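Got some structures for you, see below.
Next come two complexes, and both contain chain A; in the first it sits with chain B, in the second with chain C.
Here is the complex of A and B:
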C-alpha cells in the first residue's frame, strides 16, 4: 500500500503536496472551532516548541486558513535563540586568542550583549582575525581539527536532537587531543513546563517531532497530567500540523488532555533508547540559563566529571555560568525574551524589520533559520492571520 | 539546527552508515540499531536519530478519520464529507501500489 521504493516521495505526496486533504482538515477544524464556540470557548491558544513547526506554520500560511479564534504561537523552540550571551562572549574571546572555534552556521552571527575587543559575534571576530570555522556537523569539525595541532573548541549548541552525535563521538573516543566543547545543550520539556507556567493560558501544545524521536512521547506526559493540556507530537509537513491542530481541538471539546503521537512514522512512545543511553553516559542534567529568560531547573546538559577534560570552559579557565552571576542578556530594547515565551509576536517588537533584520540581526531570534523573528521576517506575509 | 533530513541507507560501514540524500551520499554515525541498505532514516547533525516506519507511516490519517467520524455521529459533519475523506485517503494510498 505504500511506495517502499522511496518513503521521501510518499512523505511529500501524503503530508506536503496534498491540497485536497488539507482543505478537508481545515473544514474539520472549522467545525470543531464552531462547536467549541458554542460551548463558550471563544479563543484557543496553541503553542509550538520547535522552530521547524513555526517555519511550517508561517511558510505555508497556515494561520491565514484557520478560523480567527485559533491562535498559533511559537514557544521556546530554537536552541540558537536561547543560548546565553555569556557563551558567545567566551567563544569570541577564545577565537581572538587564536583558539579555533567551530560553530554551526546558524550561530555565526549570534550577537552577544557585551563586546569583546569591540566585536559582538563570531562573524565579526573572524573579520578581525579571529579563528572561526563554520561546519555542517561535529564530524567535519573533528576531521578538520585532526589536520593540525591547533587547539580547538566546538560551540555545542542544541536540544536533545543534537546531543546523540556529541555523546557518540566522545564514547567512541575519537575526539582529537586538541579538541574540546563549550557545552550549551538544553532540554525542551523543562522549558515547556516553564513556558506554560509563565505565559498564562495555553490550551494546546504542538510538541517537537525530531526532539521526540530521541526523548519519546512519554517525555511530554507531564503537560497533560500536571497541566491538563492536550499535547500532540507532530511531524513537520503542513498536513501534519493541521492534523495536530484538529486533534488538539477535539481533545479540548471532549474535555480530555492526552499526549498523542501524530508523527507516527518517526516517533515512538519510549523514543530512541540507545541515543538516550549514550547521552546519559556522557552528560548529566543540570539547571541552566536560557537567554532573556534566566535559569530553568533541570534544563541543561553538562559533561560528567570523567569527561571534564573535554570541557572548553574548564580547560581555558572560564567559570560555568551560575544562577547568581547570570544577568539579563538581551540588548536594550530587544524583546526576544517575550517572543521566546510566546508572550508577544515579532510584529509587536518595534525593532522587528527596522533595527533588527536577517542581514543585521539585533536580537537572537532574528539569527537562526529557526528563530521566530527570522522566520517571520523571511516570510513577510506568511504569519498573517485570516 | 533541528532540521532532521530524510535519507536512504545505501551501505552499512561498521558502526556508521552511508546515506543517500537525494543524490548526495554521506557517511554518518548512527544511534539506531540494525540498519540495512534500503532503510529510510532521519539524520540530524551527522547522526541517524530515527528510522522511518513503513508500518506506521499512514497512521497519522487515522486521527483525521476518527475526528470526522465523531463529528458525523454528532450530526456536525455530513456522511458525504466523511466518505470523501475516506475516499481521498484510500485513493492516495492505493495509488502508491
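Here is the complex of A and C:
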C-alpha cells in the first residue's frame, strides 16, 4: 500500500514537477487563445481570489509561458491584507492595556494607519511592553489562556476557511472565561462580486480552493449566472492552475459560463455542510469593511446576539466599525486598495521595494506571505520573464 | 540612523546595503586594497596580496556564532575551521595556516571547549593546515551567548578566482545537494529534528575537491563560492551583479535531498536561500565544464550537477530560474532574517 510520503511524491510528480504535462496544457491554451483571437477576442483577463494561487502563478513563472494576450491578475485573496486598520488599532490598544492579544504570525507586523502610543503594529506594541502572543492555532491560544486568569482576546482574521474552528470551539463550549474574539471574518464571494462590478471587465475567475472546501462550488454560481463569467475552482499546484486557465478559455470560446470544480481532490458542490451549519449557528452575515476599499454588502461575519459576551470589542467598550465612521485606511501613497482589486500591479506602486519591503512593510499587502506585494517581492516575476 | 537588526546579519540584501553605506563608503579607495592585490574594492570570499609576479597570499577572516553550538553533522569548531579553509579555496588559494580567536562566556564548560578545539584540530589535520596563533578571552556571564570563534585563514594562490570574471556561455556547477546546513541548524534549533532524521549539516573543508580542479583548470574557472549565508540565491545574485550578466539555472537540475525538500516545504522555507557549508558553486568555461563535472564525480562528489549557464552580458545582474513546469521566475537576493545565527 502507498504510504503518505509515497502519495506526496506521486502528487508532486503529477501536479508540480511535470514539464511534459505543463507543456501539453500550454499548447492547448495557445490553440484556444488563437481560436479566440480569430473570433475577435484579443485579450483575456483572468482573476484569482487566493494568495496561494498568486504564489503558484508567480513562483512557477506561469505568466512567462502563457500567450501574451492572457493576463493573470490577483484579486482580494488575502485576509490579512484586507483587515481594516481599525481592528489592528484596537488590538494594539488592548495589548498595551495589559489584555493579552493572540494573533497568527502573519498579522504580527501588519501596520495600522493611526499610531497608538507611537506604535503602529503588534510587533512594536510588544517591544514597548504590550501583551502579544503569536500562536499557530486557535487551540494553542485556548490552551495558553487556560494557564492563568489573565484576560485575553484572539484576533480572528480570516476567510470562510478559518471560521469553522471558531464556531466549533464556541459551540463545544470550551472557550475559557477569560477569552474573547475580535471578529474580522470576511466572505470571499461578495468580494468577488464587488471586484467584477467595480473593476471593469474580468473574463474568467480562478476561485479559491481552500475557501471552497467549506463553502462549496455552489457559492460561486452567481458569477456565472449574474455576470456570465466562467469560474473554475482550482487546486494550488501549477498544473491545477494551468488546467483551470484552459477550462476558462474553452468556456469563453464555446460561449459558456459555468462553475467548474478542477480541485475535485478537495472540493464538492455543496462544500462542508456541517462546517457551514456551525458557522451559521454562531455567526451572522453583515456588511463589512475591507481595508483600502470600504464597506462591501454581506461580506463579514459577526457573532450572533447570544454570543455577544465573547465579542472583544463589545466587552472592552469599543464600537463596531460602521460604514459612516469608516475612513480610508491606507497610509499616504500606499496603493494596496488598487492592488487588492487587481486594478494595478505591485510594480506600478512607487513604494514597492523602495519604502515598502517584506522586512519593513508599509502597506498591508507586503506583510503576509499571501499578500500580492509580498509574493511579487519574493520573486519579482509577477511580471513576464522571457 | 536606525538600529542594526538580525536581518542585517543574514547575508542578504540588507547586509549588502549596510556594509556599503556604513563601512565600504567610508574607507578611502587607496585603503581598500594593496597594490596588485584584491581587497574590499571588490568584496569576494577572501582578500589577496601579491608576493611576487606569480603568487599571492590569500587571507580571510570570519566570526562564527552558530546556535546551537553542537548540531547534527558538526559543531562550531568544525564549522569555523571548514569555513575558513573554504574561503581561501574559493579565491583559488591553497590553504596553509590559520589563527583563531576564541571568546567564551564566563561559566563555559572546559570539557565543551576541549571538544570544540578537537573538532578544529581534526579538520586542520585532515587538510594539512597549521594553526599558528590565536587569542582567548572571557566575557562576564550574560554578556555573550556561550562562545564566538573568529578565524583568520592564510593560503597561497597562483591565480585568483575573482567572481566578476564570469563570461557568457560559462556553465554553473554545484558540487552537491544544497541547503543542508541551513536546514539542519533550523531543525535542531526549533526542536523539529526527528530521531531518525536525515537532516545533517554538510559542513566540511572542500580541499580535496577544489585543489586538483584549480590546479588543472585554473584560468578556466571564472567564479567560485561556497553558498553559505543567503544560500545559492545570494551567491548567484552576487555573481550576476558583479559580472553584469544574466544567469539562468534550471530548478530540476539543482541537487537537493528529498528530506531537505520536504522540510522546506513544510515550513515555507526557500531552499535557495539556505546555507551550505560543504558545497562549492563554480562558474566555468563551457569547453571544460563536462570534464570538471566528471572530475568532481570521480572525486566522490557524485551528486555534482551543471545547473545552468551565463546568458547575456549587457543586463544589470539577474538570476532567472526555469521552474519545475518550465516557466521562468527571477531568483531574488534573499531579504529579511532568513535563519539567524547559522554560522
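As a convention for this text, the second predicted complex is superposed on the first by the 375 of 386 C-alpha atoms of A that agree within 3 Å, B and C clash if a C-alpha of one lies under 4 Å from a C-alpha of the other, contacts with A are read in each partner's own complex, and residues count from 1 in each chain.
Rule of thumb we're sticking to: a contact is a pair of C-beta atoms (placed from the backbone, for glycine too) under 8 Å apart; a residue touches a chain by one contact, two chains touch by 3 or more.
These numbers come from a predicted model, not from an experiment.
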For A:257, is the partner it touches chain B (first), chain C (second), both, or none of the two (neither)? neither
Taking the superposition on A as described, I'd like to know which of chain B and chain C A:10 touches: first, second, both or neither. first
Does chain B (first) or chain C (second) touch A:104, or do both, or does neither? first
Chosen between chain B and chain C, the partner touching more chain A residues is B
If you stack the two complexes on chain A, which partner ends up touching A:358: first (chain B), second (chain C), both, or neither? second
Now for A:378: first (chain B), second (chain C), both, or neither, which partner does it touch? second
Check the residue A:48 against both partner chains and state whether it touches chain B (first), chain C (second), both, or neither. neither
For A:18, decide between first (touching chain B), second (touching chain C), both and neither. both
What is the contact status of A:61 with respect to chain B (first) and chain C (second): first, second, both, or neither? second
State whether A:238 touches chain B only (first), chain C only (second), both chains, or neither. second
Going through chain A, the residues touched by chain B and also by chain C turn out to be 8, 18, 239, 369
Across the complex, what residues on chain A touch chain C? 5, 8-9, 16-19, 22-23, 26, 58-65, 238-239, 242, 357-359, 369, 377-381, 385-386
Which residues of chain C touch chain A once you look at their complex with the stated criterion? 5, 7, 14, 252, 258, 262, 268, 270, 320-332, 335-336
What residues on chain A touch chain B, complex-wise? 1-4, 6-8, 10-11, 13-15, 18, 20-21, 24-25, 27-28, 31-32, 35, 50-52, 77-80, 104, 106, 136-140, 157-159, 161-162, 164-165, 168-169, 172, 208-211, 213-214, 235, 239-240, 243, 246-247, 250, 260, 262-267, 272, 274-275, 278, 368-370
Taking the complex as given, what residues does chain B use to touch chain A? 1-4, 6, 8, 15, 22, 28-29, 31-33, 40, 42, 44-47, 49-50, 52-54, 56-61, 63-64, 67-68, 70-71, 74, 76-77, 81, 84-85, 88-89, 92-94, 96-97
